[in-house]
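Think of it as A, B, C and D in the order they're written, each chain with its own count starting at 1.
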């Protein structure tokens, strides 16, 4: 049902095609990459047939690095986004549906984490847990779930006031039954925040690796940027190693953003919340 | 006024509570301060003991906590003891030397971000559906999802290398001595344009989208139709009637923005090697220099709380409903 | 005498992605100076769209397709934005239904009245404020509340402020779109009494729009009944009460909850869907005396008796012979 | 009516005993500043097979009383008894039985149905919750419920947004009736419906009352509609019941406020009569002292401003809270 609407919605089509494209690249990385990303050739070659995007200061082929890099970056992105979403919505649902006292405690707890800015906390926790992209995922989940919890909580609270939810309460359904009924109504919001969180996760993963806290044993768009930054390759005029990975992150972000807003439009259309005049 | 006292007391407890957590953070780290001192500088055994006494690490935990609170909460400027890495220098001095740069860069870009984001948001909402709004929105989404350090590099490549208009790095050209001469200030300004532009371009879109979507909601309100019926000019309606209500959420976003802004700050200072606190903190964390880290987090949390109170205050002034609520 | 407001053959539609919502389908209506004309219509009759169209306040996705609206002889539909500003609120003012948010919550009440005055008259702030104060006392609002914000006032008070704002420039036509629907019964009667008193004193002509036919019968000189974007019957209040001709008008009168009415009665069927309107007479699906003839032909609004217009084939045939 | 001595146990469905529902308003100070006294010490008992009309202006607390009866609002003081047990102490089977026997119809038909579900799913939810899971049985009950509210069975596949206001309200009634409850709290069921269709909804309610002898608490601000529909009328002002009468005494309202409501609805009464009653309903945060209506009442005497008039039985079944009839 939802797919039918998304196809009609221009933004949705762009978003899905971007997601599909990057997903494909990540899955088919071994076949698409022309060279072995770790093997080093002559440094700073320009764009040529063998090296579609030239090579970086260490002589590694930028194009194949890009392809392999997408695999981990997306994995970390979607993985931590899912983790954040699950943890965040659980807390959000719990504080919205339970007693005001419990709600107050949970909210104060999320406030404290919200007060501490994300990046320094990320850096701090990355230090504590040590490198490795699994740690990066854990770190991101811990620092970014309060935002989602807050969004889900306010959405559930406003839904609770709607008469059709109160009608269900009058029928004597338990909290668990209520959640089952509310899920389809917050699903669009969950999907939308999943896409938004994926953008933030990819960006923050890149930032961490850029600062040298990423997992050196793995290639991601972030580590590519790190090597480009450390090696100062741009001062020699070879801009591609810096521009290419960043551009991938941004295009992926734009696609996901459009996908998120398309999902929201579809929900509004489906429930006719949107009054014609 | 009582509303404020309540708000202040609540916030004060949150602040102290956060500081206490801050105190325990280094203790939780796998690499304890003593172990760090021992292997980092390969100091002999007794030197490490001497250092421990100097830093008061051998005292029981509770007295350390009390001492920490005593000279952080009640003494101004707070004293965090000595930095591990560059030992004789007190944490306070390190931070104070780097702080002005960061404050200058952050405050100016905060202002520019708010103004640029809100104004473009208002214009986009007003001219909804036109090509101009399409371009603005696409640009905003592009900048929103691009990592700030990557965008900084793009700016460097375009403005510093290709067009050679702005210097690619540093806070002021080394040739000039840091006195308050006009030349020095000119160079500082020229150096800060690219970093500020990088922060503004990544932070402004969140205001832009917020104000644009909020404006289109406010446009549907009945009092806009009343204003049009009264024959109020369209421009006045947009700026006086609609913008005022639409900017309320932007103000509250402004309050929570400090934290977000700092992330961008650190990245930009790393790329432009701008001598602010951001660069300092990255080195401090990488170097496990706990007192500096604590000092840094102290600043952020305090700044965050002050900003949220300022936003509440501004909110009350703008939105009468809260004042007479 | 020359009608102060003349609408002829007006068509307004909303182009939504669910289809074209034909809100107004060919309305012809005249309002004479000093007359209190009531427009009765239920949900889906297009009465509010008609009111907004007169002030050219229809915004996308709505559009005026055809027809003309003459205010003091000049056609509003052809006017540019600049000329409109000379008409809006100066010659035609409006009181909205949702008094709750028809006032800007972040501006003081007096300021919003002064704003209306100072757009059309070049006077300084102090004078405008004085004018606003007497207007407030004229509509029975304690001038001390002038500096309050809308959310500090009760529903009735807010509507009085709206009325004060509407009569600020002494317009010749006042449109009241369901002014009292959102208010309690008692406040409703007080607001109506205020409107009647102001009408007698300031001699503006009043177009009162409401779904409550009882209210219109009590308040207005003549009434036009709207159904599915068209006027189905128009006449003086006496004619409408004593011998309503159109089946819909008769149905509205019969469905009222009067103490002397014994049984509950309703018009059968449900309100018209303005996207897919039935062919021929729009009321056919709900009409007891409908026949196939009604489905084929589009009835016209014909003056069956002096100043008694009806849009129904059956009634027109009966009147001929 | 009130604490009758010989409470006929099986005839009363529900007893409301000195119910108080206050909403805290946290304004300036650190501690709670004041209370909105929505329902302030109301007692009534609901008997079988009777339609009760609960009338009052907006802000009189009538909706809050209705919501408290279906456990959507927790009482601050006093209690509501169902089968001689306090609602909020009901557990397990008793609670389930209460949920089955008391249902609610909401004011806004557009928001009272789950927009993502078809009519069939909306109707079958109550059955599903009360353990009727056999597919055919649910189908049969749903179709039967639809025919009772005079809607064709093909409405089952429709979505709420494809229906008109009147049709939706009928489906809400069907949903409330499907479990054959003993009491239905109807919160302004007719106020969002077109005037020309109100009659059908009222006729439907009366028919269903005779057929299933369910009782109704008909909450409304339209006194004329309620008067024709209900057998027992309760007039409520600022959280308190000011008059109780049976409808065969209709029209003979004694309390000045009830008279005012009646005049307001009847356009033959000249405006001057109504204009003599000053002002509007004040906020329930700071209710006036003594008789709450004294600030607007034309018969107000000094005693009205200090003392609260008790509900006095002027004639059998007719109670008034006003010193004129003390």
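One rule holds in what follows: a contact is a pair of C-beta atoms (placed from the backbone, for glycine too) under 8 Å apart; a residue touches a chain by one contact, two chains touch by 3 or more.
Keep in mind that this is a model prediction, so the values were computed, not measured.
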item	value
From subunit D, the most remote chain by mean C-alpha position	B
Two chains joined by the most C-beta pairs in contact, as defined above	A-B
Separation of mean Cα positions, subunit C and subunit A [Å, integer]	52
Subunit B and subunit D, separation of their C-alpha mean positions in angstrom	54
Distance between the centres, which are taken as Cα means, of subunit D and subunit C, whole angstrom	33
For subunit B, residues contacting two or more additional chains	none
Of all residues in subunit B, those that touch subunit A in their complex	14, 17-18, 21, 25, 28-30, 138, 141-142, 144-151, 153-154, 156-157, 161, 256, 258-260, 262-263, 266-267, 270-271, 281-282, 285-286, 288, 293, 296-297, 300-301, 304-305
For the subunit C and subunit D complex, residues of the former touching the latter	42-43, 154-157, 184-190, 192-193, 196, 211-215, 217-218, 251-252, 255-259, 261, 264-267, 270-271
Contact footprint of subunit C on subunit B as seen in their complex	221-223, 225-234, 241, 244-245, 318-321, 324
Interfacial residue positions of subunit D with respect to subunit C in the complex	57-58, 164-167, 194-200, 202-203, 206, 221-225, 227-228, 250-251, 260-261, 263-267, 271, 274-275, 277, 280-281
Subunit D-facing residues of subunit A, complex	162-164, 166-173, 177, 181, 184-185, 270-273
